[in-house]
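Chain nomenclature is as follows: A, B, C and D, assigned in order of appearance, with residue numbering initiated at 1 for each chain independently.
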Amino acid sequence: MNQDAHKQRPLTIHDKDGLRPNMWQNLPLFPERASTIAGHVDALFLFLVAITIFFTLLVAALIVVFAIRYRKDRQPQAQQIHGSMALEITWTVIPLAITMVIFVWGAAIYFMESRPPKDAMEIYAVGKQWMWKFQHVEGPREINTLHVPIDRDVRLIMTSQDVIHDVFVPAFRVKADVLPGRYTSIWFRATKPGRYHLFCAEYCGTQHSGMIGEVVVMDQAEYAAWTQSGADGSLASTGEKYFQHYGCATCHRADMAGRGPNLVGVFGKPQLLEDGRTVSADETYVRESILNPGAKIVGGYKNIMPTFEGQIDEDGLIALVQYVKALGNGTANVPVPVANPDAAPYPVAPKPEPQMAKPDNNTPTQQTAPAAPTKKQGPTAPSGK
Amino acid sequence: MATAATVPEKTNYLNADYGIKSWLLTTDHKRIALLYLASITAFFFLGGFFAMLIRLELLTPAGDLLQADTYNKVFSMHGIIMVFFFLIPSVPAVLGNFLVPMMVGAKDLAFPRINLLSWYIYILGGCITLYAMITGGVDTGWTFYTPFSTTFSNTNVVLAAVGVFINGFSSIFTGLNFIVTIHRMRAPGLTWNRLPLFLWSNYAAAVIMVLGTPVVAITLLLVAFERLFHFGIFNAQLGGDPLLFQHLFWFYSHPAVYIMILPGMGVISEVICCFSRKRVFGYDFVALASIGIAVLGFLVWAHHMFVAGISLYAALVFSILTMFVAIPSAIKVFNWTATMYKGSIRLDTPMLYAIGFIGLFTIGGLTGVFLAALGIDVHVTDTYFIVAHFHYVMVGGMVMAYMCGLHFWWPKISGKMYPEFWSKISALLVFIGFNLTFFPQFIVGYLGMPRRYHAYPPEYQVLNVLSTAGASVLAVGYLLPMIYFAWSLKYGPDAGNNPWRAAGLEWQTSSPPPTFNFDETPVVTTEAYNYDEIDNQPQEAEVV
Amino acid sequence: MSHTDPRSLQTHDTGESVELPHSHGPTTKMFIAVWIALLVATGLTVLIASIDLGALSAPIALTIATIKAVLVILFFMEIKYQTKMTMTVLLSAFFFLGLLLCLTMADYISRAWNATF
Amino acid sequence: MDQQHETATMGMWLFLVTEIMFFGGMFCAYLVYRYNYFTAWDVGSQHMEIKWGAINTVVLICSSLTMVLAVHAAKLGNKKMIVFFLFLTILLGAAFLGIKAVEYTNHWNAGEVPGLNWHPSELGNADPRHVAIFFSLYFCMTGMHALHMVIGIGLLTWLLIRAQKGDFTSEYNSPVEMTGLYWHFVDVVWIYLFPLLYLVSHHHHS
């Protein structure tokens, strides 16, 4: 098979046989339906298609009938009609009623799409020009391919390293912009094993159309095996290494004696701030507190933490967020403070360290990614190996 | 060229004065309209050229005709030129400029010199944008989204933004002129409820131009500043919020869609009434629907941002408000249809275009409801479904209406008739070509093909080939009128003052009209579209 | 109205042409009074700014600014002596500016609510 | 006279509507970021010198008075007074710009110009990036305002020359009046910029 760049794009579910794609080979007219949400979206879509066909045909039929019936030859003199209040009200109220039904229906689906189930498994995604990086909580990292288990709620927590991107999986009918500087999320529950397109749907520069990949839906057991093999420690454990490396444990001690708040059991709980406000300790809050510690100071503490803006990249932030999250539900080791906290009064910005091992290709499935970037920007944490 | 030798050739706005200077320094709204016509046509074909490049590229999934960067510049320039330099000024600046003063029975617009200035500003903005294009192009898309435009693009973003910024003032001045003219210069007896619907809709569009354009102007200026001086207003890396740019951008750019479509709707109202020989059905509702669209149009912008990261609750608010804006559009469509009922219908070329408009606008409008429905928008936004939808509204709606208006008022503008046969062929080609081009895009969009893709998965190819085939038909449909309009200037038969026996003050003066439009100030005694009275009069208008 | 120039012909039945109240137009004395009021308001707002009013300081500063703006618009810009139309034009600008501010803020304020409910 | 005049007035007011929306875009950005980054706004406004802001406010208010007196003189057809008050207005406008230039220089020297010369001190709890947004908006808003002042001074100079030639009479004075409307509008913008940029939470300092 030809190995031209464009042929390296993931094959669709239809051409597993590896044949050279032929224009006429498959002509889908309706997208694959492979998530629980897809059915809801399609139902409303088809309802709207029906409405559109009805009104378009109604108007078209009336115009054609009038144009024939009242053509000048047959009707030399027009019959003047000024209007009809009854008709005006009819065609104001009926469309209004229909659109209100559509609004409620559409909003219900949107709420469903926007609210991940509480126990959804989480996968982190980082977009950058022009690739997708996915980080599984269990440890595996992948590029442009996303492995997910079937019949489980999966929530993607996404951010961008540069411009706005957008994760779009047509077969799941989900899409959300991926923004620099904050986390957005989507969730889905895949219902059919297979490989599905993953597109960047927000224009992001030169290789926008190359920023595509695939979602591989696997059996749950298969997925579990996949995450185990070749993984080098969970994301939280990577985060723990970052935590130690950056000296976070100096102040954020588990014994309440630190200069900073104890982070055990914090995640997901409301936090009372110094200025009296309360915020929920979610991913965005943890991220902000690392980059801009002064923004929301927890009650009883001083604004002494230095910013880590520009020092930790998005991958590192994700690991730290996951570690704090794991501290929240007690699945991670509590931070161990350095021997003498006073010896290191403030955490200092670390020097760049040797590169962290890139996500390797010995994950169970084949990587379909383009060549991974060789240079990694910014300081990185010690290798997890 | 007068065929009737007994009638001495009348001085009109075209032959009143000769020479380049008499055109470039004119303050006659009709001549300025023709200046706009020429420049807008040039931009239309330039934008069309880019469209053809896009369609050719998408013939194959591999992305092998243009390089990715070139393709991105091509669709960006297509969008910028078509939106800012063709669609927005088209009906207002050409037909509106020509007709608004005549329809109100005035000699000219309220501020003739500002009108000329607006054309020069348009040309200046256009030249800067063209310069940006020639010296490397711009690849941000017409939406200039940050932080791509402020930080990451390596192209002439500042120049292009400044070009669009300057062009905005042309639009502002046109709108300002229309509002003042319609308010203050109406002929005796021309009350608001006797106003032709073309004036109502241009008035509504002018309100949007005046209120909305400055916001996009400052937004683009901030983008330029941010790019030049590395300020941090919209850049997330510097703590800014890219969504703020989107809010400010769409605050104008959504209503801008109504700047495009409203004057077009006005054209359709005029033409449907004339060729049905009837008063418009439900005048008050059609007129108020224009104002309703203009006002509601300012309340719906964030429906462009349902997946962009706005809050759930804001999305709900903007979704329901967007639903409301569908209502006045529906009212218009139904009233136009009802106007044809029991009319005495002739299917001349303008009427063909008008009917085509109603059909395509209905589809365009109804697919807009898909996008207002939150759950569906998530799937179809940023795909070819969107592309198809807004082309149905803008090309199927606005451009059809513009062509309709050109064919309807060409006898008044030029004094000549174009060949009816060829114009009907062209109307037919446009209609067929348009549907062939854009209908497949609804399907490929729902399948999931994202917009602005240079290469795409192979299973989308058949639909893209269909689309490209349609585009070539469409191109022929648009080129034909160029030829026969030009032909008619020299060889076309004299049209007479009122070839359609249409109502409206503009038809009461000679064709082409004299420089100051009317020999004596007209006085209006009836409501608009008094076709019963016109048809019961002896047919003196037929005599040339 | 004895104009022969059709351009300046005004319809009689639109009710827009209001006779200008020439009789009691603006006077120099009034301008000086407004000017003094503006200066006093400026002094006041600077003075208040040095007092800690907590959350109230911004609203108070903006209220004073609005009073000053209204004074300028009514008397210096003579909108008081113009047709109703002029006032309508001006108010429509503030209306649409309000829409821009309110609907944009609706997004920002409610973003924090996403997590709740 | 009145018909033409009313038409011109309406056109001018519509133009001012576009100006309101033009500045409105920046006010919207101001509002959003003030809401998001309250601390930075607090800190940013403390880097403004209230003295200069207040003096400039007074200067502009005075120029509005001289402008209105120039218009008044034009309506009376008093050539000498038109010229005098126009001249005074130009002078006050120039004074405003001069003071603004002093302020800009001070900000530059203090390293308070984002992107170009940015090393501010005493930012307290605030994220420097957010303070940078405050200053970005400060320069955009006051810069746009100053640009309007420059255009206004240009218009006034043109009026001054025409007034000198005796162009304006009690019958024909629309240009003076229209420029007056513009000038007052620019004043109104400043009336809002002053508290928004200088006065917000300035009490910490005093």
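FYI, contacts are C-beta pairs under 8 Å (C-beta built on N, C-alpha and C of every residue); 3 or more make two chains touch, one makes a residue touch a chain.
These figures come from a predicted structure and were not determined experimentally.
Between the interfaces B-D and C-D, more contacting C-beta pairs are found at C-D.
Among the remaining chains, the Cα-based centre furthest from that of subunit D is the centre of A.
Once CA atoms are averaged chain by chain and compared with the all-protein CA average, the nearest chain turns out to be B.
Subunit C has its Cα centroid 34 Å from the Cα centroid of subunit B. With centres defined as mean CA coordinates, subunit C is found 46 Å away from subunit A. Computed centre separation for the pair subunit C/subunit D is 16 angstrom, with centres defined by C-alpha atoms.
In subunit B, the positions touching at least two other chains are 183-185, 211, 215, 239, 243-244, 247-248, 251, 312. Shown for subunit D are the residues in touch with two or more other chains, namely 3, 6-7, 10, 14, 17, 20-21, 24-25, 28, 32, 36, 127, 129-130. Looking at subunit A, residues 114, 292 sit in touch with two or more other chains. Interface residues of subunit B, counted against subunit A in their complex, comprise 61-64, 68-69, 72, 139, 141, 145, 147-148, 151-153, 236-237, 239, 242-243, 276-279, 281-285, 306-309, 312, 315-316, 319-320, 323-324, 326-327, 330-331, 333-335, 337-338, 340-347, 355, 358-359, 362-363, 366-367, 369-370, 372-379, 381-383, 443, 446-448, 450-459, 461-463, 465, 531-532, 535.
For subunit B in complex with subunit C, the residues that touch the partner chain are 105-108, 183-192, 211, 215, 243-244, 247-248, 251, 298-299, 301-302, 310-314, 317-318, 518, 520-521. Across the interface of their complex, subunit B is touched by residues 6-7, 9-14, 16, 85, 92-93, 96, 99-100, 103-104, 106-108, 110-111, 113-114, 117 of subunit C.
Considering their complex, residues 110-111, 114, 172, 176-177, 179-180, 183-185, 210-215, 217-219, 221-222, 225-226, 229-233, 238-241, 244, 247-248, 251 of subunit B touch subunit D.
Only residues 3, 6-7, 10-11, 14-15, 17-26, 28-29, 32-33, 36-37, 114-116, 127, 129-130, 132-133, 136-137, 139-140, 144 of subunit D touch subunit B when the two sit together in their complex.
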